[in-house]
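What follows is a group of structures, each given as structure tokens.
Shared between the two complexes below is chain A, which has chain B as its partner in the first and chain C in the second.
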Partner chain A sequence: MNQLIKAIRAEFIRLMKKKTTYILMLCHIISIALCFVPYLQRQLRIFMNDGFDVIASGTNEYIYRPFVIGSLAGSILWGIYVLASADKEKKNNSREMVSAFMDERKHSFTRIMAFLGVAILDTVLCMLVFLPVCMKKMDYLFQWKTYIIYPLILMLAGIVMTVFLMEGLYRLSENTIVSLLVFGILTAVQFTPAFKNSIFVRWNLPQELPVSDTVGSAGILRILIYTRIILLLCSICIWSLASLFIRKYQYGPVRSFLVSLKKPLRLTVPVLCALIAAFMVAGQPFIDHGPLVVEDIGNVFETSWDLAAECSHVQRDYYFDTVRGTIRGTYKLDIEETAKQDLEIYHNAGIKIKHLTFNGEEVDFTTHFRKEDALKTSLSDVYSAFRLPEGSTGELVCEFEGYPTQSRTNYKDWEYSCANRTVGPDYIYLHADIVGMEGVGNAPYTSKTRIHVPTSHVPLADGFEMKKVEDEEGGITCWETYNDYAIIMSSPNEICDIDYDKAKVKLAYNQKNGYAIRKYKLDEAASDVLRYCDDHIGTLNTDETNRITIELVSSELGGGYASDGNAVIDESVLSAENLSDQKDGANGNETFMHEIVHLFLGDLGLPFDDDGLWSCEGMTVYTTYRIVKEKYGALYAKKYYSDVWEEVVKKQNNNFYLRNPGYLDKLPESYKNSILSSIGTDNKYCRMPLMLLKAEQILGEEKMDAVIQELYARRNEYYMNGGCCTFEDFLNAAGLEKEDLEL
Partner chain B sequence: MKIDVKDVTMIYPSGKKALQNVSFSVESPDFVGILGPNGAGKSTLMKLMTAALRETRGKIELDGKSLLSQESMLKRNLGYLPQVFGLYDELTVWQFMDYMSALKGIKDKEEIEWALEQTGLKDKRKIRIGNLSGGQKQRVGIAQAIVGHPELMILDEPTVGLDPEERIRFRNIFSEMSRDRIVFLSTHIVDDVQAVCNRVLVIYGGKILFDGAPSDLIDSTVDHVGSYVRSLDEVIPEDCEIVSKVNTRNGVLTRIVGENLPDYVEKCEPTLEDAYLYTVAAHSRS
Partner chain C sequence: MKKIIKYEAKIILCKPYVPILLLINLLYSYYLLSADIILGVSDTAPFSGWSFGKYMGSGVLWTFLLSLLILITSNAGRKNVAVLTNVTGISPKKLNLVRSLIVTVFFLLSCLLIFLLGCVFLQTLFQTIRIGAYLAAFLLTALPCAILIIGFGTVAGNLHPAFGYVLIVLLLAVSLFAAAGIGGGYLLDAAGASYYETVSGLLESFEASETPFVIRGGYVLARSLYACLGIAVFWFGYTGSGKKDRFLSRMLS
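Coming up: the complex of A and B.
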């Protein structure tokens, strides 16, 4: 062992003496630095998000994505480095001398360990170089924990896999070209339609998953760590298997393998790695193991308990293991069996029913994937069926536990997402269907739901505060709600009141966002917007108790949504990047205003068809401009809004591809999409607002407001018809022709 | 330490027969010189003894056990200099020695100091190997072979590229070291073998033609070595091999070896070189 350590140390020193080691590190740093060049940053964002220019959290923008690119670039650089090093050793005849003193298998292992030592140094160096940039860019949202963990699991793991793989491939083939070719194929396979969504295959270019700036993204981290361990095991398996083919006595690969097999224990490592990896894939808790169903997944949130029995009261209790991400709990139902048939409980496939008792006696049940209902299956839904004695009355108690999964169909069509279910130390987010908070049967009933979360959390059910019941042992607090179908969001939240006459408005946000809320006076900004929109557009939909909660949630959700009284906004609107993005507003305060305007236009209010030149985004930018104009004056609004729009539109009018669309069609698909995406962004943020400004100049401010009010008043009509407010609707209401607004 | 080579035949996958039924036994201490023309099988024999190759037939034993089962013991106690070797140009002499010592499991840094001193590299310790001359690199190769005082040293043409003075110094070092270990020295320079080896193996065409003390080899050539002066165009007697030719005023003073020397050839005292040539030539003819 001592010899091995000394040999690893000596090999490490040898590598550190090579100029190529430093050239590799420099190239690696440059490749990551490219992710911070604004133009390339946007292109990469589009590339990593299937052609969409999405709003990304600061963590995604400055840590996750650069280090994913660092993983790919590092993998390529390290692949070449490992191969070149092995090949040089073979060609300069040092191998014969070295192998006389140390077994070649052992020597290969020392090489790998030394490479890993240098790889760690390389990673640390990259992290140190980009630390000041990330700290500056992410400002108050910078977290050390995040900055350390993502480079390690994304980039370092990718490099480690590459080292094992390339050393293995070279030992197997003894041929640089063949090794490079296999490496190329294994890298390219990640870009194929069949595997690009598979997190289990993306080894040196992990998928870009939306991660949070504030709440740790435990769900994403778990699957990343889990899949990286599987992939690492596979790479170790490849190397340890390939090492058995290391040429002995100048034999060929097969005969050398047979010689190696004379010590069968040598198979232990590859077999063990393969078995553990296979076991981990087969037993992975993240995606259900049900049938693939190609179906419309637009209705993923629709589910219910089809309990064919009369239920008068339901009590639910949920406990969370925030480290493992599991849920444990009980349903207690007071029911009367009237159906005279099997009763069924629908639940997430990851949640297993441990015990089912009726009046204290165990009830037999069987659990099945739903095959007959594609919509249910796409929800990762299973049902547990059981039968109660006919006409019996009593308490049905169901104890369950598990890790909520994503549907296999949904995963295949999209990618891994824990948007509707995350259980972590800093954040618990669960849709009702995941934990069975849906309705029970058809008869009226009462319900009480208790959740037991870390004491630092302030949970919200559908955006509304829950009632605190009591503090429990182990830093847990019990909270209660009487709502069904509620979405639970529990986190160290702060809640502040927004000054607004028409409704009781609350703004809920993670404590870590408190700094931005106070710095940019975002509560005041929200209040200004609500008042303006109320005066100029119309009254916002509230719930039956006249409440509205504006809730900032983790970026893992990948966007926002709204229901009556509850608007959910992606926390990334508060990222330093977004707050300084002049597309949305001149400063952070106005950016947030922009997001609140969205409650009226798009989310809680007027629906839009985000198509071409007519979009919710454009109307929101225009409305924000109007608010700013009222608040800070026309000169300010002109300088920071309309002048900027005009400049962009002027540039756009000169765009070569817009003037010559024929050439655009001839470009490669990805390049074409990138250009179209850029044009689309300019349309939303500049051209459409400028068109609306032109309409305002023709109609006058009052008439313009009246037109928008008229459209807003018809919002329920649009919703009921399943449609949107179109450009034609606007033109008709304004009495304008399309040509009138041409720029 | 004892090495037994028992009836070893080595045939390469290409079909080339490198060694045929080779047998000998060596016990520590011993200094064995291996002589033979190019392609005779010397390097193959050395590779077999370092377990870099595996015999096709027969077996090699180390201390009575199969060499392959003793591979790790062999590696721990081996000092090996291949005929063709590469060094790591990016390292300094000291770093390279430290690296090789680590591979060999040598802990004592004094060992490195000693090896560098023996090879005259002490003042070159901080110089990168890439900046050394060919002869200096050869010395680094020797240094790594002797570091740690290995019990078994296998040196395949170690003095190639060295000047005569250095060559003599090294062969004396090897001789010194052979007092308590086994040293195999493969070389084309017969003088070196004659000067330091107490045993010589003559290999030709994969077979051992002679195995014994150099003096015995020489003795076997008495009456088969002679010299005479011949004219430039005169052919040498049949079945004889020229050992040396010196042009003189009277003609070419020619030293020859052969089974039956003509009467006009004056017999002389044989050297090891004569004996080696005689042995190889005799076998070649047969």
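Coming up: the complex of A and C.
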């Protein structure tokens, strides 16, 4: 052992005395520095986000992405150095000398340890060099915790994997070209569309996941740490296996391996590493391990909650382990009469029902994935089925616990996201599919929901404030609401009133964003949009409490939506780039406006038919264009809105499969769906706004406003009749023919 | 001579990474067809000459680089045995030519495999292929590279392997830049793949009609220049190769 430590020390000192080591460190620092050059920063942003120039959070821009690039650059630089250094020993015949007093396997290990020491030094140096830059750029959003964690798990882990991998590849092949080729292939494979979304393949160029500036993104951190551990285990497995092939007695690789196997204990490390990695992949808690579902975005959050039982009272209690990210709780139902014997409770696949009792007696249940109709399967949903005597009355108590997962389908196709289900110390965001979170049956019943969150949190249920009940032990506070709800968002929130005289509009945001809200007067901007819509569309629809909340959530959400009196927008609209950049196209500020406009146009205001072209999105995009035109001028609106729509529509008209629909049927289903989905998105976000613009050019702005106002005024009529605003309604109101708007 | 060819073919091609990389190249070609070409290049039909040209060019580029790599690695270490090979009945320049011809045949056969894969894929999926346009694309992308391989093969033995690696990286960089429309565009592209994407994009009329497949004179000229470069290197190598080896062998003896 002493000899091993001495050898590691000697190897480390040898490396530190080499000029090459310092040149590589300098190259590494330069490669990271390039990520801060504005032009390259934009190009990298586009590259890392599948061609979209989406400004994410400051953490993504100044910490995550530079250190991901640092991981790739460091991996290439140190990988080649490890290889060159190993090959040099072979070329100058010093291997024979070394192996005379030390086992080659041990020598390989000492080299790895020495390189790891250098890699740690290199990482610390890079972090020190970029610390002042990041502190300045991130300003009041800079967090030490974030700055230390991400470089370590993204960059250092990537370099460590490379050192193990390259040493292993060289010991296996004894050939620099083969080692370099395999390294090149393993690196290049990450750039291919087939694997770029696979977090288990992105070893030295991790995916860019949206990370929050304010709330730490605990869910993403967990998945990153988990996958990096798996990849590290794989690289250790490769090295330890390859070290068994180290040539002995001038034998070839196979005979040397057989000689090494005379000590079978040497297989312990590779087998153990492979087994642990395999178990970790197979049992990862982040996905549902369910069937792959044909993706239908419309159904992602659509769940069935009908218990087929009459209840008089429902009570839910949710407790959170913010470190592990788990939820536990109870779900109590006072059942008055069951309509049928076989009952089902729908819940997230990661949540396991621990006990189900009826009137104090255990009830047997079985949990199943919903496979009956793949197209209608709600993602990441399971149901637990049980049987009660028909017409029975009593208290059903369900105790559950687990880590909320997301669908395997999403995981495969969209890359990992914690957008809808995350539990962390600074942020809890849960969607409808946790046990019992939405309503039960159709009969009237009373409902009480209690959530137990860290004391610093101010939770919102569907955007509405909850009632504080009591402070509990361990820095936990209990909050209560008497409504059924779909979304819980709990964080150290501040809530302020928006100046709008026709309804109580509130803006909820994380305390850390308070500075930006006040500096950039976003409350006033929201008020401006509301007033514009008031003047040009109509009065805002609210519920019986006449309240609406605009909620700023973690940038993990990536966009926004509006529903149930609640406009949800991700906090990246508050990033310094988004707030200061008004020349660089339709940016996050305008997303902010877009989502507020949805309060008027969409499920909360005027309901729209969605026929693949005519939709609330198209009308909202057009309205945002009008606001932007009024705010920033016609030239800006033309450049970043109407010109973009025209370009997309022109491309769409020329699309081969649109010109020749017959060939679409010849394509495999997945390609067909992908093309149709892309056409659908372009239709809603570009073709329809362009058609509305054409209508505006025919009618004039004032008449166009009058048409929209007329349609908006019919919203209650639509609600009463269960209808929605169709393209025909618009044409009739405008006095236009379909042909007039053809593009 | 037959024995020498068989022996050299065995030495050059029977290396574990050759079939592995060839297989990877074929898988990549299939992936390209099923993920990229299937959608059509610049809104042309997936079975148009444009789409096939882009597919063929991309496949040829990687095969070309693989062939250069094989040439470089097969020459590494040969200097140690130059003393022996130089005194055999066959002259070093002929031996170099044999080696480069073997690699060129390997390259052309690999390209033919990629070509057939593309034809079978498109015929199976769309029941339509345009063989004339495909052949034109095949010849324009693969032939100049084949001539370059012959030329490079005749001089590779006298070059430092590092030069070969730098050349590969340079060719790859130029081709990737050409695909991104940077630098000389398709005029510098080693396999000429970017021509099909760039020019079809330029000719796209946006009038809901198919872009006609045309081969521009400039492209033919660029490909001919590549071929001429190969011939020039071959001429230089064939007339000059071996001198250094003979000089070395005299010195060593």
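Things worth noting here:
In this section, the second predicted complex is superposed on the first by the 544 of 743 C-alpha atoms of A that agree within 3 Å, B and C clash if a C-alpha of one lies under 4 Å from a C-alpha of the other, contacts with A are read in each partner's own complex, and residues count from 1 in each chain.
Note that contacts are C-beta pairs under 8 Å (C-beta built on N, C-alpha and C of every residue); 3 or more make two chains touch, one makes a residue touch a chain.
What you see is a predicted model; the values in this text were computed from it and never measured.
Judged by the number of chain A residues each one touches, B leads among chain B and chain C.
After overlaying the two complexes on the shared chain, residue contacts for A:Lys18 are found with chain B alone; chain C is out of touch.
Look at A:Asn655: by the touch rule set out above, it reaches chain C but stays clear of chain B. In the superposed model, A:Gln250 lies in contact with chain B only, and not with chain C. When both complexes are overlaid on chain A, the residue A:Ile675 reaches chain C alone and has no touch with chain B. When the two complexes are overlaid on their common chain A, residue A:Ile29 makes contact with neither chain B nor chain C.
Applying the stated contact rule after C-alpha superposition, one finds that A:Leu743 touches neither chain B nor chain C.
In the superposed model, A:Val98 lies in contact with chain B only, and not with chain C. Residue overlap on chain A between the chain B contacts of one complex and the chain C contacts of the other is empty. Interface residues of chain B facing chain A in the complex, by the touch rule stated above, are 12-13, 50-54, 71-72, 75, 78, 80-82, 84-88, 90-91, 95, 98-105, 107, 141, 144. Chain contact summary for the complex, chain A toward chain B: residues 2-3, 6-7, 9-11, 13-14, 17-19, 89, 91-94, 96-103, 107, 248-252. For chain C in complex with chain A, the touching residues are 16-17, 21, 24, 31, 35, 38-40, 43-46, 69, 73, 125-127, 204-210. Chain A makes touch with chain C in their complex at residues 177-178, 181, 185, 192-194, 650-651, 653-657, 659-660, 663, 666-667, 671, 675.
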